[in-house]
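One chain, subunit A, appears in both complexes that follow, with subunit B as partner in the first and subunit C in the second.
Entry: the complex of A and B
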């Protein structure tokens, strides 16, 4: 057991000193090609493996990663590194946190790629099938390819064309589209608030009164309206009290419930007890 | 009766148009109010003078905003602050002015800062903002501030970042090695960071609390600048002092600009913010009054 632990830690030390160091020039491209080839092989092996093996592999990786972070967090912590004393590194597992989290970051980055593949598959089928919604799928491919290519080109080849195209697509189109979509919500909120906020019961009346006070307290005009009243009746003072007392109490209660629920779900996922997963439906 | 029914079912397109005008007009043209000043004429008689003066709404600073301001104000010059602009163009209306006001204060106080974002748009927007402000305060990229760029997974990144800042973010957004930048001198772990400020439209500040502040107890101070809808959830963290303060929405940015004594994008939007809220309240009250009057009229009809 001690040997396996030693081997495990040695492997991580080796990985952190050799694998995760910045590379430049040819070495960078070679590392990239190697990493992509390795990942494709791993994915191909996992895809070809029977469900039972995949299921246990994923459970084992989840258990191991979860155990590492749990042990690292729960094991007594020594002083952390500082600018003056960078040698202090928490407990004996802390030096490996960087390597394990780098693995997790790589897996997260791969999931983005997987999402893109799924989207491309879905929109590719729609585009081939045609129909009135095919134009949206074409727009997806246009956006993905153009932003992707220009985004990749504009850093290593920062000429005027690439920079201007990048500014046009990113600052000119994407940011404004994002802001526009979000701004439209304001219009829906006005319409929904006008229709939904009706004093049909005592609870609804209380909610409406509170909402009006909070809204007024969040604006300067509300402060002007109550500036001649005693301080305790100023909208901003009442708003601060509502937010820091009744609101905080309610949010705290919700957070306690959420935390207990999240802990239960995390334990189930960690120990592989979660039902209704992909493999169970197979 | 028909009028009362109409007041309860105003066409949504009319509401949209009114909201658009309410927000746009004060932004495009400052509100002016007619004022009468009594002055003395050449013969010594009192006579009124009419003038149009800009209407400036008063600003009262909330304790939560003031605490953030005081904390930055108390930092010694050349301290290091981590600024996390975790927002995209969608929440620019609130998070944009907040980021600008906080950057202004850091630059005014000669405090070094690094920016790291967990939203792909964050580094681009915030870098443009810092570049726009830097000349005004004599700041230089790489010397006084740096942009560490976009990071994929906030939880895992922060776990690595607290232990090894340069290892987790070896290069800045433009590919320069962080270790060679004077702004990062002496910054090795989260211990060397004096303050973390998360500017966000989500609950991303909770990850900073869990993974950065958690292992460091009260040594690492944190503040947040959130959109109005996210701020109620942060009240607990402010009351527990895990957050030293919080800028709440556009109002928070207006208050901060007021404290800094500058009139920026937030102050310019103050009248629009107030007018839009008054419009919403007006229509809610209108709909309710109409509903109650209709009910009373129906009750009278039934009794008759």
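Entry: the complex of A and C
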């Protein structure tokens, strides 16, 4: 068992030092072409494989990847000083965390292309069919192509035109649009609160009273209203007590349950015990 | 990188053993799980959508760190139950997706759900939409979708941030029945104010077991409850020790607390 573990780690170390050496010029393009070709071969093999083999391959990869991170977290650590961090601590798996995480990031980067393909297919069909919403599909392609090209150009060719266009599109347009949608929440909070805070039952009345006290405590008018009362009756003091005592206790209790629940689901997925359409067709 | 200290190591291994053991025991015994009103309301919402002839919008949330995560997969498990139930009644389910990595997973899950319901012909790949990976662009897109399609039911399962209120209020404005479930404690108040039914805390993780009644999943819920009982026991022991040691002016409570706080 120790021999196989040693062999696995040696292979992993050799592969990671060979794969992750920085390359330049012709060697870089050859490596990229090789990586793309390898990925296409792997995808083709997986697609052609029967369902049962694919299922067991996915389970095996999930088990190994989960086992790596679980062991790395649980195995006792010792001092492993590095140049950047003399106080660094880790175990024998810690040096490989970066490599394994990079593998996962590279696989996830492929899926960005899948998302783009999905969008392009949908909006492409709408544009070809025409109709009243085709203009929005045209806007999608215009935005995708323009921001894509400017975003790609503004790093290698960082001239004034590219930088200004990028600033205009990203900071000027996109971030402002984000802020616009975010600011709708202020109005939605009012409408949601108007509907929710009604005197329908004892609990609802208690909720309403607590909400009024907390809201007054957050604003200066509440503090002015109760400034002449004893300190314990100031709205901001009551607000602080409500938020730090009963509210915090309830949130922590929910978080305990969530932590154990997520552990249970993670174990089910990791060990292949999860049942459902996309885990194990019945 | 974070690493476990002694107590975290023992607790994690103990809870894992308990949960896995209960999963294997569950196959041999019938286990009881209490009624969760929000999940019972899912069938009501599907029925409403069928009667009104309007589609349902099923969301799996934004996730915590992006990518394929436990929270999003759990939300997808609930959505596949919804799709499987709705397939029998020919109600259309639209599933907008936030993360591109979830697009193929969601497509396959929804396709399998229709197949399992005996209606593979009802699967429409155009109903699995990747919209965008930007938070408020996603909120605006989904709001527009709910508004245009006049959704009869909205299901908001998964991890949300500030956009949860935008999505829930838009559903409220079109008159949709809304069922939400999130592990995001900061968004629970907004969803409770804007949605008809909300499942909170670990009811979200119990949902797939509750809906499917699979013995293995029910076993994991019982294992979770036993683990929570052990956690509660440690909290009670800590409270008692702190009280008693505080009264007797001894250091016993600090020694107990050190087990929780010592570095790895």
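Throughout what follows, the second predicted complex is superposed on the first by the 243 of 282 C-alpha atoms of A that agree within 3 Å, B and C clash if a C-alpha of one lies under 4 Å from a C-alpha of the other, contacts with A are read in each partner's own complex, and residues count from 1 in each chain.
One rule holds for everything that comes next: a residue touches a chain if its C-beta (ideal position, glycine included) is under 8 Å from a C-beta of that chain, and two chains touch if they have at least 3 such contacts.
In this text, all values refer to a predicted model and were calculated from it rather than measured experimentally.
> Report for A:193: first if it touches subunit B alone, second if subunit C alone, otherwise both or neither.
both
> Scan A:244 for contacts with subunit B and subunit C and give back first, second, both or neither.
Only subunit B; A:244 stays clear of subunit C.
> In the overlay, answer first, second, both or neither for which of subunit B and subunit C A:255 touches.
After superposition on chain A, A:255 lies in contact with both partners, subunit B and subunit C.
> Between subunit B (first) and subunit C (second), which, if any, makes contact with A:271: first, second, both or neither?
A:271 sits against subunit C, while subunit B stays out of touch.
> Using the touch definition from the top, say if A:97 reaches subunit B (first), subunit C (second), both or neither.
both
> Can A:182 be said to touch subunit B (first), subunit C (second), both, or neither?
Touch partners of A:182: subunit B and subunit C.
> Considering only touches as defined above, state whether A:49 meets subunit B (first), subunit C (second), both or neither.
Touch partners of A:49: none, neither subunit B nor subunit C.
> Taking the superposition on A as described, I'd like to know which of subunit B and subunit C A:112 touches: first, second, both or neither.
It touches subunit B and subunit C both.
> Which partner does A:236 reach: the first (subunit B), the second (subunit C), both, or neither?
So A:236 only meets subunit B here.
> In the superposed arrangement, what residues of subunit A touch both subunit B and subunit C?
77, 89-90, 94, 97, 108, 112, 174, 178, 181-182, 189, 191, 193, 195, 251, 255
> Using the touch definition from the top, list the residues of subunit A that touch subunit B in their complex.
Residue positions touching the partner: 22, 69, 77, 80-83, 86, 89-90, 94, 97-98, 101-102, 104-105, 108-109, 112, 155, 170-171, 174-176, 178-179, 181-183, 186-187, 189-191, 193-195, 197-199, 208, 212, 215-216, 218-224, 227, 234, 236, 240, 243-244, 247-248, 251-252, 255.
> Spell out the residues on subunit B that touch subunit A in their complex, using ranges where they run on.
So the residues of subunit B in touch with subunit A come to 10, 12, 15-16, 19-20, 23, 57-60, 62-64, 88-93, 121, 124-125, 128, 151-153, 156-157, 159-160, 162-164, 167-168, 170-171, 174-175, 177, 186-192, 215-216, 228, 231-233, 235-236, 238-239, 248-249, 251, 254, 270, 273-281, 283-285, 287-288, 291-292.
> Under the definition above, what is the set of subunit C residues touching subunit A in their complex?
1-4, 9, 12-13, 15-16, 19-20, 23, 67, 70-71, 73-74, 76-77, 80, 84, 99-101, 103-105, 108-110, 112-113, 115-116, 126, 128-131, 133-137, 139-140, 162-163, 165-166, 168-169, 172, 183, 185, 188, 190, 192-194, 200-202, 204-206, 208, 212, 214, 216-217, 220-221, 223-224, 227-228, 231, 264
> Using the touch definition up top, name the residues of subunit A that touch subunit C in the complex.
Answer in residue numbers: 72-77, 89-91, 94, 97, 108, 111-116, 118-119, 122, 174, 177-178, 181-182, 184-185, 188-189, 191-193, 195-196, 251, 253-258, 260-269, 271, 273-278, 281-282.
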